[in-house]
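Listed after this line are the structures, all set down as structure tokens.
Both complexes shown next keep subunit A, but they swap its partner, so subunit B is in the first and subunit C is in the second.
And now, the complex of A and B:
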């Protein structure tokens, strides 16, 4: 496996060790997790979340998975199958929450009803439910599979438009605060080409097909632009992101704090929010759903299978 | 060789032998955005692909913002 930013090629065992070392280093450097902690992994069935789950278990963390049934047709059916097969094959606990069954909406209909783009409705649903499930289940942290490419692309987009309030909060770890659980991104030192290669080499069968609702979004365009730069100048993505974290991010903390405002409890579900009712409860209401005021069911029956 | 592409999934025939990087150039695919897999095994950019090989060019870019 060639890793051009390290100007090196690795045999399979050494590449897998590189991935493990990079995750261990990210966790230690950013003080993300501590030995023995209980971690809730946001599992989509894709390469990043399954690689993350595999690596966290390998590193000795008590890591359970949470899979959300998003109701995006065949794509969701297949991604759920991949998540279940991974968990069953390793004897890991996978919690499943199905949006349609438990909240009466899915991403395509919810996005239309709330007049949001699908990625926005999806991200909002995921953030709320992962946070709520982690608090409900007493987990020490939520771990997400955001990789180096994800973080570099988000940073690139925010810099192009100088969204300073967003730039300041783009951190690999967000500490627990005001009812939000700690959130960590242990894959920030691995590119998505590396997480995909990790899965292939480990025999992890992940969902390769892309979400049909994400096609053509702005985030993908930023990734493609960065990959063209990376092609000519290997290491640029890693330097762009890591130097930002080490040298720049703190300078925007004031902008982020000014934008965040004071947090109260949602009048409907009790989740932390800056408004009277949180964005998730509003989304569920506009989508004609139900149950947003109920705790997340961590013993939910598995989402419908094919 | 039979080359499988994704998103959407499709198959094309490409004449071999051909080096991996030459195949990607012919397909106009940046090497940072894919893995090349031959018979279930990752292959590096300088590997020579034979006419009889079955090859998958697997994209690695995920799109969601969440």
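And now, the complex of A and C:
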């Protein structure tokens, strides 16, 4: 396995060691987790989340998984199967939440009803439900499988528009605050090619398909543009991200603080929010009742509910 | 002429007006030039510098051109012809400096002798000689033809590596200071497609070929990556650059100030420099005697001179 940005090739055992070392380093360098902590892993069934779960267990953390049923047709069915198979095979605990059963909507139809792009409705649902489950279950942190490619692409997108309030917030660890759990991204030192190779070498059977709703979104365009540059100058992506964290992020902290405002409790669910009702409850209000078998009427008023 | 980032199409007269308006706006917004000032235009013979010269004259500035003979084979011969033809056709004054005749080197062989990549030796030579000619000729400012694509690509390259000291310096106008003339970039609101169309519509015959020494350099890779994104989201490039200037550049000013240090006069030529001898004089010292007809011996010591 050739890793061009390290200018080195690795045999299987040393490649696995590299992955483990990079995750340990990220955790230590950013003070993400402490020995023996209880971690809730956001599990999608893809390469990143399963590699992450595997690595955290291997490193001695008490890591449970949380899988969200998003209702995105076959893609979701298969993703769930991979997550369950992984957990069962290793005797790990997988918590499951099904959007349709528990909140009355799925991503494709609910997003349309709420007039949000699917990726926005999905991200919002995930953030809220992972946070809520972590707080409720008394976990020390939520861990997500964002890898170097993801983080570099998000940073690139925010830098292209100079969304200063988002730029200041892009950290590999967000400390616990005001009812939000600590959030950590232990894979920020691994590329997506590496997490895929990790899974293959460890015999982890993951969902290979990308989410069909994400096809053609901006984020993938940013990844493509960065890959074009990485191809010519290996290491650019890692430098872009790590130099940002080390030398630049602080300069934008003030924008993030200004944007965050004062937090109260959501009148509906109690989650921390700057408004009366949190964004997730607003989404449920508008999207609820829009599961796959209840097609959306595009003429219905946005806030209407069945 | 369709301009997607303005979401509009233009007929020829209105397109020319658009270009003129954008240049006037850039000049006014950044306080680049004042009515009737004497401007030295850095002329390469390409679309940008000839469009710039044409527009500045049209807007009433006293604009002379300076053409540098870089000695890059046929490319330089043709570029010079275009610059001369433009000046003669309009009765404008074109100053010429020939690197080989006046400084004993040309870019291809001199760069090799000085162990610099050609684009680095070329940029250094241009900056020094344009500055020196402007100061000597008592011009109020040097104007260069950097367009939106150029500036966005340079910014992108600096942001990818977070070269904070360069990021802070990237401004459409650099005020006169310590022996450096004021430098202005009036084309920052026009894309390269637009300056090319401007030349075609105005009947300006320009050098179409790109410099053969720049082929495959990083800067072109950055342009390509940005074009990929611009294609999907028109306006991204303009937003990236202008939001940076308006909201972000100041945050990096301190890095630039720290890097600039105290300036003295070059012991050899008197130009402002932080060292004993300026970078241009060092280049001449190493590259001198390396014109095209005196091939470089690659085994010669870097500082050796014939």
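Operating definition for what follows: the second predicted complex is superposed on the first by the 288 of 306 C-alpha atoms of A that agree within 3 Å, B and C clash if a C-alpha of one lies under 4 Å from a C-alpha of the other, contacts with A are read in each partner's own complex, and residues count from 1 in each chain.
Heads up, the rule we're going with is that contacts are C-beta pairs under 8 Å (C-beta built on N, C-alpha and C of every residue); 3 or more make two chains touch, one makes a residue touch a chain.
This one's a predicted model, so the numbers in the text were calculated from it and none came from an experiment.
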Open item on the list: For the overlaid complexes, name the partner, subunit B or subunit C, with more touching residues on subunit A.
Closed with: B
Task: Partner chain(s) touched by A:248 [first = subunit B, second = subunit C, both, neither] - done: second
- [ ] Have a look at where A:224 lands relative to subunit B and subunit C in the superposition and call it first, second, both or neither.
- [x] both
Open item on the list: Which partner chains sit in contact with A:48 here, subunit B, subunit C, both or neither? Use first/second/both/neither.
Closed with: first
- [ ] Based on the superposed arrangement, let me know which partner A:209 touches: subunit B (first), subunit C (second), both, or neither?
- [x] first
Open item on the list: Going by the contact rule set out at the top, does A:178 touch subunit B (first), subunit C (second), both, or neither?
Closed with: neither
- [ ] Return first, second, both or neither, reflecting whether A:162 touches subunit B, subunit C, both chains, or no partner chain.
- [x] second
TODO: Could you say whether A:31 touches subunit B, subunit C, both of them, or neither, answering first, second, both or neither?
DONE: neither
Open item on the list: Is A:276 touching anything from subunit B or subunit C once the two structures are fitted on A? First, second, both or neither.
Closed with: neither
Open item on the list: Quick one: is A:233 in contact with subunit B, with subunit C, with both, or with neither? Answer first, second, both or neither.
Closed with: second
Task: subunit B/subunit C common contact set on subunit A - done: 224, 228
TODO: Spell out the part of subunit A that touches subunit B in their complex, as residue ranges.
DONE: 1-2, 4, 9, 46-48, 119-120, 122-123, 126-127, 149-150, 154, 191-193, 195-197, 200-201, 208-211, 214-215, 217, 219-220, 223-224, 227-228, 230-231
- [ ] Within their complex, state which residues of subunit B touch subunit A.
- [x] 6-7, 9, 30-35, 37, 42, 44-45, 58-66
Task: Complex contacts: residues of subunit C adjacent to subunit A - done: 159-162, 164, 218, 221-222, 224-226, 228-229, 232-233, 236, 239-240, 243-244, 247-248, 251-252
